[in-house]
Amino acid sequence: MAKTNPGRFFEDYKLGEVIHHAVPRTVSGGERALYHALYPARHALYSSDEFARASGLPGSPIDDLAAFHVVFGKTVPDISLNAVANLGYAEGRWLKPVYPGDTLRSTSEVIGLKQNSNGKSGVVYVRTRGLNQLDEVVMDYVRWVMVRKSNLDAPAPETVIPELKDTLSADDLLIPEGLDFSGYDFTLAGEPHRWGDYEVGEVIDHVDGVTIEEAEHMIATRLWQNTAKVHFDATFRPDGQRLIYGGHVISMARALSFNGLANAQMIVGLNGGAHANPCFTGLTVKAWSEVLDKAETAAPGVGAIRLRLVATSDGSVGELKGEDGKYLPGVLLDLDYWALMPM
Amino acid sequence: MAKTNPGRFFEDYKLGEVIHHAVPRTVSGGERALYHALYPARHALYSSDEFARASGLPGSPIDDLAAFHVVFGKTVPDISLNAVANLGYAEGRWLKPVYPGDTLRSTSEVIGLKQNSNGKSGVVYVRTRGLNQLDEVVMDYVRWVMVRKSNLDAPAPETVIPELKDTLSADDLLIPEGLDFSGYDFTLAGEPHRWGDYEVGEVIDHVDGVTIEEAEHMIATRLWQNTAKVHFDATFRPDGQRLIYGGHVISMARALSFNGLANAQMIVGLNGGAHANPCFTGLTVKAWSEVLDKAETAAPGVGAIRLRLVATSDGSVGELKGEDGKYLPGVLLDLDYWALMPM
Amino acid sequence: MAKTNPGRFFEDYKLGEVIHHAVPRTVSGGERALYHALYPARHALYSSDEFARASGLPGSPIDDLAAFHVVFGKTVPDISLNAVANLGYAEGRWLKPVYPGDTLRSTSEVIGLKQNSNGKSGVVYVRTRGLNQLDEVVMDYVRWVMVRKSNLDAPAPETVIPELKDTLSADDLLIPEGLDFSGYDFTLAGEPHRWGDYEVGEVIDHVDGVTIEEAEHMIATRLWQNTAKVHFDATFRPDGQRLIYGGHVISMARALSFNGLANAQMIVGLNGGAHANPCFTGLTVKAWSEVLDKAETAAPGVGAIRLRLVATSDGSVGELKGEDGKYLPGVLLDLDYWALMPM
C-alpha cells in the first residue's frame, strides 16, 4: 500500500513551492465530440471549424471549459485528494485556445497558507497553470481549498493570504490572437442579440433543463482524468450517493446558457465561483444568467461581457441567497466570468 | 426571457420561405467512434477506411444516419420546438457521403401549410437540406409536423399541400461517385447474402435486442445538437418520463439489422417513416425488416434494395397494424428506405 | 430468419481451420477519448503524444486493452455466440502498438478440440490474431471456450489439446521497436516507483473504486463491436440482469491499478486470466495487484514486470480462493500479465 498516492495534507504544502502535476494529455476530435455528447453545447465557434476560421482562428478550439477541466483534473491528486472543501476560484484567465493535437499539462504554485484555528486543517491557495506542448500557458487560475492535517503536531506555517482581485478588469483579459467578429454571422450562430443588446443588470432565464445521470457525470469526470473517489464509488459516502464533480455542473449550465447567450462565444476570464450546494443524480439542472458588466476590447467587433451564471436544481430564476446570506437550497452553482461577444 | 428562443408557431411560417438553421457542425473521428459506441453498428463500409477504399470511396464516411441526425438536429429549434407531432417523412435522399472534417449546416424551405379545422394548430411541410462546407447538398428530405398557433386570431394561410412521392423510384437515387462493389469482400463484411439472395416480400428477424438507457439516448441526442426539452428534462412531462428522440430508435434498429442485412451498406433513400409509438427507457428494442422492392443501378456490382425497417418493444416479428388500421402497441418505428447492396 | 447468424456449434469447428472474422475497424482519436471516458485510465504513454515520443514511439498508441477488445470483439460471432463458458486465455502477446488511423481485423485458427464426456458440448481452442492494414500481426492470444453441440449425433472429433505455456517467459515478449525509457519522466508519469522498487510477492491495494453502470458497460462493449446478446438485452436472462462483458472489468481494473502501478506502462504479455465471478450493474469494482516475476529486457531502461491483477466487488485485498480451491465470491477477475516499466 506504500506505493499508492495518499495525497498531500496541509502540512505538506510549502509557500512558493511549484508542484508539477502528472499525466499530460493530448486532446483530439474525440474529446470535442464527447463534450458535445455530454453537454447541450451549441456555441458555433466550438462546433464548426468554418465558423471559427471566419472569426480569425485557425480552426475550432476545444471548448474553454473542457480545457479548464483537463488542466483542473491533473491537480486533483496533488491538491484536493484530502480536501474537505473547495472554497473558491479567482483570477482565472484563458490565455490561448487549445486545439485538437495539443498536449496539456498543469503546474500549481502554492501562493498562500492559513492554518485553521482548530489546528486540524488549513486553507491552501494555489495558482494553477495549464501549459501546452510548447510550454505556453494556455490558462491560469487561483483556487483555494481546505485540506486536512495528517500530523496534528506539525507546526502551523506562517499565515500568508494572497491578494486576489475581486474581479478581473477588462484590461486583464487576453483576446485570442487574430479574433475578429466584424464579419460575424448571427444567423449561423443562432441568435441575433449582439453585445449592445445586453444591459447590465439584465437577467436571462435559459429555460431548458437536463436531468443528471450517473453514467454521464462519471464519463465526463473520467474524461478529464479527475479521479476523486467521491465521484465514482457508491460505497464511499455513507448515503451511497455519488457526489457530482462541480465542473460537470459548470459545463451543463454554460451549455444551457446558449439559449439567450448564444453569442457569448469565448470564455476568457473567471472572476470567481461557488459550488453552492452539492449535486446528485436525478436532479434537473437549469440555469439563469445576469449581466454584471460590459467592456469594449481592442479586437475588431469583439466586446466583453461579464456574466453571473447560476445553475439550479429547482428551476428558480433570479434568486441566489436567503436572508441569512446563505445560498438557497435550489442553487447549485454561482459562477462569475467574462466572455467575448460580437459588437 | 426576451432573449431565449420561443420557437416558431404555425402563423410564423410563410410558404416559400427558406429558414437558415443555426450552429454548423464539423464532424470527426470522435462522432464516428461515438456512433459505434451508442449503437451496435457493424456495417463494414462505416467501420473501416480500408473497406471503404476497396469500395471506391476515399475513406469511411460518417454513418448515413449520423449525417441525417446532424442535419435534422439543427432544424429542431426552428421547426419542431412547438410541434405537437412529427407526422411524416418523404423524398429523403443522401446525395454525398459525409467525411470526417466536413462541416454541416441545414436549411429548410416551407413547401406546404394547412391550418387544422380546430383553428388551434396546423401542418407545416418543409424540405430540409443538409449542406457541407462547399455548399454541396449532402442530403435532403421532406418532413411535416403539426405546430400550435400562438395567436389564434392569426388568419389561416392558403392551404398548400405539396405533391410528394409515395416512394422514390430507383432512378431518384444518387449513387455515391466511384462506388464499386465488384470486388466486395463478403467475408470481411460479415455475411454471404448478396442482392440476388433477397426476395421481395421476405421478412428477416434481426434477433438481437438492446435495452434503452437514459444516459445513452441523451448522449446521442445531444451529440446531434437536438435540444428538444422533452428528451432531457424529467420534470417536463407530467409522468416524469423522458421521451426518446425518434432518431435514436431509427439508429438502434438500423444497427440491429446488421444481423441478416450486413450487406445493405449505404442508405440512399428515405421513402417514409412513422414513429408508431413513443419509446421510453427500460424498453428493449428489437427489429425486423421486410424486402419491399429491388432495383439495379448503373454502378459496378451495386444493387438497390428497398426495405421496411420495423423497431419493436415486444419482440414481435412481421406484425405492424391491428384490425383498426393502427400500429400495434409493440411497434416503435416503421421506416421505408433504400439501401445499396453488392450484387 | 435463415439470413441471421446462428453462430457455430461444436461440431462446426475443424482442427487447423482458419476463420476470418468480419468487420474490420479503423480506430481514431475518438476511440482513444472514449477509452479515457469509460475507464479512469491515466498511464501517460497512452494519454500524451509527447510522452510517447519521449519514450521512442511515433505517438501515443491506442490503449493495449482497447486493441485487445477490438480484436476480441470480432471473434464473438464466430467463436462465442453459442459458448457456455469462456474457459481461459494463454500466450497472449502484443506485437505492435496500434495507432489512430490503423485498421484492425482478426483471424482465429482452431488449434484444439475436445468433446465433453456428456456428448452435448465440447471445448474449442483457438489462436486469434489481430492484424493491421499492412497485414502485420499486432497481437495474438489463445482462448478456449466451451461450446454447445447443435447436432448431438455429430461424431466426436479426435481430441487434440494444444500444448500451451503456463506463462510466457521474458524472452517470449516483444518490446515495441524504438521503446526507450532511459529518459523517463517519473513526475509526469505520476509516481516515482521504478522497476527496481517492486519485489516479487509484493501486493498493492489500488484503493480506488468505480461503481458499474449499465450505460457505461454497454457503450464500451458496443465500441468494440462485441454484440453478444447477454450484455445488452435485459430480456435475455431470466433474472433480467445484463451480464457485463469480462473485458469491461479487465479495463476497469487495469485503469484502477494506475494508483500504485503508474509506471507499468505497456502490456506486452497475457499469461492467463479467469473471469472468476460474473459482474452486474451496481457493483463497485476495486483492484489489487501482486508482483509475480520480474525480468530485464534488451531495450534501454526498460524492465518487464509480471503482475497478477485482481478485480473485486467487495474491496477485499490479497485473497483469491477459498479452502475448496474455488474463487471467493467477491473476486471478479484474476489476470496474469507482463508489463513494461522504467528501470
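Letters are used for the chains, namely A, B and C, taken in the order the chains are written, and counting of residues starts over at 1 for each.
Criterion: a residue touches a chain if its C-beta (ideal position, glycine included) is under 8 Å from a C-beta of that chain, and two chains touch if they have at least 3 such contacts.
Predicted model, so just to flag it, every value in this text is computed and none were measured.
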Give me the rotation angle that lays the C-alpha atoms of chain A onto its copy chain C, rounded to the nearest 5 degrees. 120
Comparing which residue numbers chain B and chain C contribute to their contact, where sharing over half means same and under half means different, the two sides are different
What whole-Å value do you get for the distance between chain B and chain C if each is reduced to the mean of its CA atoms? 36
Of all the residues in chain A, which ones touch at least 2 other chains? 28-31, 33-34, 100, 213-216, 219
In their shared complex, at which residues does chain B touch chain C? 28-34, 36-42, 44, 47-51, 60, 100, 187-191, 193, 197, 204-211, 213-216, 219, 259-262, 282, 284, 315
In their complex, what parts of chain A are in touch with chain C? 1, 3-5, 20, 22-31, 33-34, 77, 100-101, 103, 105, 133, 213-216, 218-220, 222-223, 225, 227, 229, 232-236, 242
